[in-house]
């Protein structure tokens, strides 16, 4: 019991529940199952992306190219769907994920092979990937009427009362729970972030692990490319522009330490959900949705300040009897 | 004598742990080891060079099962290079490593680990944010269904391992960062045992431990010996070496200069091998009549690191601070220099109360500090020599805040030449210099500020003998010019050779102050520092 | 062979000649790239060499370059500020608000710059006062500052700035030299002197190389970093004045994405993203190169988004190439 109270994810969950409760007071009906499932649906893509970013941040890196990767992979499948509506959607999902994987691996190659800092590489690929969207689409948008019905349906079909989009997120979250806690690869992400030197001693290839982290974040970005295009029914250069920092924000709010090695699946998911709840709650309590950005900014700052408080300064504690008496 | 008493004191507990061991390893009979013939690990003809430095030259080392071999040598003798070669971090340029008679190539740290060689380092290489169990099993965790990590099994095995080494008090699911350094060492040992390592390297494992913790560690070493592990024990402390080790190997300047059984060899002989000359090293200490009191410290306290520190320092004096590593000496000095905040106490400079809250203020008041950790705290290795030297004196070399390079070069030349710096040019990066020359740059930086008090924290740690002599000579020269010098050192010859007075610290408190005259015996300092001979 | 120890050895000041090291420096490489781009561009389009065309070209990078100058110092010190574009948005919004209350041109300029400084001080306090990592802090303030603009403006815009105000973003000092460009030249000189010719600049380098050793050398690390955040805020405020004047309007989405372009400029200019190394010359040249690429491709009717591909490739390859060369050379040995 006391162990749970010390966990920050617990308090984040409490905070989210309190937000929902407060919003429900102001606007009864907010906490209804349909509204709440709507909020979860709205946060699903962010949750998936936050998990990808988490793995990268754990290894002391950062992936700023996720949103561009998403937009490019999304555009690729949008164009394929427009040109050949007959191709089954699951195949397109695989294509999007694979394209994302390649783009992520490209980042990883430069970071692992050449040792260029991740922030520089992904800053470059952020602009490049988005530029490529323009090239392959010839500057055109893919509009709602260009998509096949099944392309759009594959995020919307309801199973057990929830749209498929949510189920994708649930499946990926579950996969991550297993990956991060029960596999050697998952644990090596933590090990590399906590202490790269010690990781080498334990037989972990730090560069390869970082590379795989970028592959994972790329894979998820690509898959989310399909989800985004299908959900918002548009493919354009502007898709998810600036979203890379929202993803980082979700991670920071979820308690994932930017200096690596610390963070949980629950934290990333709750961080994304927190932003989703704020997004969903503002309109119903008659606050202009334009407040959302400032609030999430304030939340990030607050989260960082709280994280900073938690970090103890290392001391040797030489005096066996501390000066408590004095 | 002392160690025998300690053995007795710790005996009861120890016997109990042995029983634990016996019961856990059923079917395995522990009997007194006969003297083994075959070494477990044998290194021969190992050489390793780095650009400009020959770290190891055709050295050899043999470790026997069930025995502790002490690796002895001054800082810079090549001990850590050898450890890194044995743990797969460095590849030797030539030579052969045999484990159980078979030649092996230790291509990576993991390869060494799998060959049964594990190391417990000065700074424990473990994972602070991960649990104890995971620290023990990372890389070879027990697997359950579908090849997934079996946490329950892992925790259970961790508990068994910890209990075997008498560390049952450590919960397997605590985060490592919540453990003391001593307990982290125990976790490291448990990790070694988890792969049934045959060779355990302990690289100054006692450096940051308290007296009691060191005794516990020694019991553990005894336990490992009885399990037939071959142990390499690296320490600077002779009492520890004689207490725990069976054999010794001495390194000097990258070469092996002697090996044998400790029981046949006196401390004097080993010291002679280490330094390659008579123990009565010549220190260039000049006689100086101390001037006025410059610094007075009264009732100086810190919540967790030190308490009731008081001493005074006169111009022209060299005040030695002796103690074991981790006695709180550096912490006191860093607090005087404004790095950490004291909880109470007063500092007077020339009789005036001085409030020092930052290094900048300390420098303004004429107190400067040459830190022990040269690479992290002393030199800015990415900047050229002249910029390092002028870093704290920019106000002098500049005009209205604008740099004057000619002035900087002039100032830098003046002090680096006085210190006999060996460098190709003043615009060379400090990172390219040897440790001794980096130290000279740091000292030059402070002298350029014309300080009143200079604090040198382990000033000759890890630097070559030539630079060491230069630093000593210069220190003496400074004192004779009226500078007040504080020297923190853990080396007895240095502290006795250079100081006018010696303050001894233990566990954050001053436990003795001695005039350095003919009546002072080294034993008196050692006993004070270790707390031996008190009613304990 | 043996030198008597009493004799002091003479250590020369420098190993190589300054000229030699200058020729092989990063700025020289950038200069070469710039010249090539210039020549290629002048062949590719007949309009390129017209003074007015070149003058027009400066407008699309000077505001970002002004921020990049201060950002360079910040990154050299080992910190970063990702909130600069949001500071522009907030400063522009504050100017717009002041306009509603009838502020004249001097007040507008003052308010824009003051907002920038206050935002910089806020970042500086969070980073140096509370000891938080600047990359996350400024991701937070990036949302926060622009978020305030959205609260104030929503989907509206402030328009109708006074006629005199237009001079800052649209006026010319002399012939084809715009006020913006003149300001950039002045600030480039200012930052060059500050970074390379003053004690303060030396302290910035020392902190970026090793902030612990810098602190142990008596440098007031927190104060230096705080000043750098203030300067970055100030430059963002100035950029806000110029941009608002040039566009003659304020929208909350103003200058979106500029933070990453400014960082790109700094890194392309040879500043180490890990801190401790870099030059203002490099950053200025990087700004000019980015301007040339954008302008040249613009003349060839290449859309802006495609130009960004070139900028991104330039960023990665300019950093990757020396590393690849070094690796190849080391392998040969």
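General observations
First chain written, first letter: the chains are A, B and C, and each begins at residue 1.
Everything below uses one rule, namely that a contact is a pair of C-beta atoms (placed from the backbone, for glycine too) under 8 Å apart; a residue touches a chain by one contact, two chains touch by 3 or more.
Since we're looking at a predicted model, the values are computed, not measured.
In this assembly, the chain whose C-alpha centre lies farthest from subunit C is B.
Interface comparison, A-C versus B-C: the higher count of C-beta contacts falls to A-C. Annotation: 45 Å between the Cα-based centres of subunit B and subunit C.
Our note on geometry: subunit A versus subunit C, Cα centroid distance of 30 Å, whole angstroms. Touching two or more other chains at once is no residue of subunit B. Within the complex, the subunit A residues that touch subunit C are 62, 64, 110, 114-117, 119-121, 123-128, 130-135, 139, 237, 241-242, 245, 248-249, 252, 258-259, 288, 290-301, 303-305, 307-308. Interface residues of subunit B, counted against subunit C in their complex, comprise 337, 339, 358-360, 362-364, 369, 371, 376-383, 386-387, 391-392, 394-395, 398, 401-403, 409, 413, 416-418, 420-428, 445, 449. Touching subunit B in their complex are the following residues of subunit A: 178, 181-184, 187, 190-191, 194-195, 197-204, 261-262, 315-320, 322-323, 326. The touching residues of subunit B, counted against subunit A in their complex, run 87, 108-110, 113-114, 125-130, 134, 138-139, 141, 147-149, 151, 208, 210, 301-307, 326-328, 331, 343, 507-509. Interface residues of subunit C facing subunit B in the complex, by the touch rule stated above, are 5, 8-15, 193, 197-203, 205-206, 209-210, 212-220, 276-277.
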